[in-house]
């Protein structure tokens, strides 16, 4: 497996200024920090990169700045997330024009059909752009679970280069890696669940896309290196540490969903001095008051912040 | 209740040419046919108007042509359907610029939070445009059910002009119309379920948004007039006839979801000579073969087509 | 349609004494009150009759007492609700032995399969007992929606005598009544949604199974009689009144699901002097404090209780 | 952690004779085979032990025979699965009377409420019997996910001895094992997902409850021993082998849910000569024809059966 998309590829959290503009300074700090930590790639405009909150102009701004900052040091994967085929193709063409190394595409959403349409969707996007494509399996957002046999078929047909799995279904994940291996490993399979990357590596994952990697990129890089070296005790110990850090998303109250999850990430990055603000995209409110203090306490406990 | 948005307001099905372009000729025929039948308004770019399949340019094309064709004969409501607030506001501004009479907006989707964000979403869209706004309650697509108390509050605050209910929850619908009446009727409440409009009128609905109204607009107009006249037997008899016609969406096989529903609508309109083609937007296939014949048989049985 | 199971058939709420025993005195008062009001049947051991909370011994006690009290004045339908076929057959045999007029059976639950198993389930129960059987369509509890074509087939085959629809899906309900009419009306179709019985009657329902009929049986009887007489304005006016009364299940806070719904019914019956206690089955707590006062206020507003 | 409930505790699949009776001979062969392989306990009347298909008499028969056959060689955990508290308590008392070492109890199902009722349910069952109790977290069957903080609290209060996790949520599982460790390890935490036991061990699971352990108990025992010895490569290699074997549940067609899953287990046990028949409980059909051959092919490929 010699893909350039293996390893730790954090989904880049998008920093905003206090008045809601793209905070290019913070973005630069964050991207450089992750690359310096040794990540193997960056995934911009993912779910936690606020892709669906961003207008087309904002998406373009994020792509341009991220690619400029990255400057070829690692590959940049760009999320082209929209409801149906023709809208996705427009985003994919912009990504290609701006120099993306790969695109990441979900199943269609809002108007559902059967798997026939899902497969046709990926084939049509592939036909429209000349970039490696990752299928983004995220049923919690799109309400379709991508079937393993379809993914393998699309891999063998050269439609898909890989899969970013955020399905939360570790059983299907194991069956997918197993079928992929049997088929000659056509797909790069990445897990999006930062709390159980060790289990995904046990299942044979080719890498991870950890949102928490924005906060602690070194941890995930060390874990990946341990995995490559076959040092499972280190893989596991690192995971235990990172899972404890991930409690930043569970220690808040009165917030839910995106506001709790990405809200905690932005707050942590703000507390760590990486982001200038923990501002969230409309209509989501940033964490405040005791919720911020609770996130801080976890960072202190994890040794990332002085107490 | 003197709103100009009462009565029968079909969601306009979007005709495509055989090669996937907007079929302006068919659109003109269909809109004129509905207005001539006496409908009270038109809702373009709804779910069955393939809003989420349409690029921004296509959406603009649909709005411009529909408003030009309608020429002020009835109000035109425009669906501004997108994932989150800032993207929706962009669509809303286009709709306003092009002369829409009202906009129709769903809860945010893809990235979910709590009802706090949903309410804030509607308030922000309202603050950004000067048009009456309908909340579009369609949990099957957005996976959030709009709470009745929020809707009433947004109505009383002048944020919402009405609700287009496609929730499939007739119990909540009754509670909503009841609460609306008690609050002084701030909201125009329209049902989107063409098979049970009689029940919705029993519940006090202010009108209907029947997809099937593209096929048989006269039926829904007669039913509305009977409702206004208090002739419940006529309301019910018309509904029975229309429910039998609605079987066009259940007589097909091997297709699902959007392809079965809107696919049958387009096929019926094609068979009736209103649409030049039953072409569907990518990645959905048009009905063909026996499925077309099955739709034809229902139309014949309903007396809309010669046998 | 000459079935003896048409009309208003309330699901009998089960009264408990303060220490959790069956309160036979309250049961007698409640059943007599409903029969005196003119209901056409009684459905015991339904969901709101706490069937799944009741041990087998308790179920037997409820059946014996209900049949004794009813004394043949109206038919008694008995819910035989359990997870899978053989357990349901045991309950059905007890119901038959104790003199039930019909049984009511859901799809299997807990361990799901396909509709093949669901249909086989109904056929096996039918083969085991000599009683008319109603299918109880309640996906919120059993997580399977009974398909209309299966129901019609089972009706034509003599397996089912009818359907008690608590699916909350008024569109499918209309399609079912329509298909039933076309098939020669093999099924008695009853709605379980007390807030929209008028809409169900518009759809051609053969009766209703209103939980709220325990509180205000006269209302549902008047509504049924108005329906039989074709007086739709009276059907609707009665429904508006009953829907307002149904707010007893929405005015409480801090409770959810069964505790809120049946909890409000029991509390109302207690306040009206029909039940000696509003005790709920374990592990559910009875309503108390302000929640009781809120239920009282609705009863007063409805004129059922002096202010 | 010195609990006697650690390690490999297969959920015992229940063999039936061709005419649907309990097949005691096959049960004896299967239990002895598992104990001889070195399993650490047996869980009878679990979901795959067809608890919800079994009448009370059948459940008693299964308990009595299993405990007699086991004869104290390993602990026997008994599933007391029923809809609500009082029904569960009856089963628990029978299990206690017949000599169970522990009981396994799900959240209430069919009639749902809030977590308040779920917690009260476990407390009431605990108060009624003198046996260690495992909470069985299986939202796919009961439609409630048990919250981690509730589980820890019930563990610290001595209500729960452990958790059998079949939630399919590996992220919550990691958070649970982490919180359990922090709280002093009050709970024995077992995973029910046989395909990803290696990941669960990485997360710190105290054992597994693998349905596939009926087919290949030696594999899971070797894996447990490797885990205890810290030999992660062996843990993983064994898992890869077992995951390949688990394809018996995916190689069939035309069957779904329980019939596909437990149907494949019974068919494999029949092919291996452990069960005399692959008969399923009503209303489920046994696998037949090509489906049996497909299961056989997987067994041959796995080296469990001669080709």
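For reference, chains read A, B, C and D in written order, and residue numbers begin at 1 within each chain.
By definition in this document, a residue touches a chain if its C-beta (ideal position, glycine included) is under 8 Å from a C-beta of that chain, and two chains touch if they have at least 3 such contacts.
All figures in this text were calculated on a predicted structure; none of them were measured in a lab.
Trainee: Can you give the rotation angle that fits chain B onto its twin chain C by Cα atoms, in degrees and rounded to the nearest 5?
Mentor: It is a rotation of 180 degrees, to the nearest 5.
Trainee: Which chain lies the greatest distance away from chain C when centres are computed from Cα atoms alone?
Mentor: Centre of mass proxy via C-alpha means gives A as farthest from chain C.
Trainee: When chain A touches chain B, do the two copies use mostly the same residue numbers, with over half shared, or different ones?
Mentor: Mostly same residues: over half of the interface numbers shared.
Trainee: Have a look at A-D, A-B or B-C and name the one that copies the C-D interface, over half of its contact pairs being the same.
Mentor: Residue-number overlap above half with C-D among A-D, A-B or B-C: A-B.
Trainee: Can you work out the whole-Å distance between the CA centroids of chain A and chain D?
Mentor: Centre-to-centre distance between chain A and chain D: 35 Å.
Trainee: Calculate how many whole Å lie between the centre of chain B and the centre of chain D, each centre taken as the average of the chain's C-alpha atoms.
Mentor: Averaging C-alpha atoms per chain gives centres 49 Å apart.
Trainee: Mind pulling the residue numbers of chain D that touch at least two other chains?
Mentor: Answer for chain D, listing residues that touch two or more other chains: there are none.
Trainee: Classify the inter-chain contact topology: is it line, ring, star, complete, or other?
Mentor: Contact pattern: a closed ring, each chain touching exactly two others.
Trainee: Could you please write down every pair of chains that are in touch?
Mentor: Per the contact definition above, the touching pairs are A-B, A-D, B-C, C-D.
Trainee: Can you list the residues on chain D that touch chain A in the complex?
Mentor: For chain D paired with chain A, touching residues are 168-171, 173-175, 178, 193, 195-196, 198-200, 202-204, 230, 232-233, 235-236, 239-240, 243-244, 247, 250.
Trainee: State the interface residues of chain C toward chain D in the complex, per the touch definition above.
Mentor: 47, 50, 52-56, 58, 81-87, 90, 108-114, 116-118, 120-121, 124, 141-143, 255-259, 281-285
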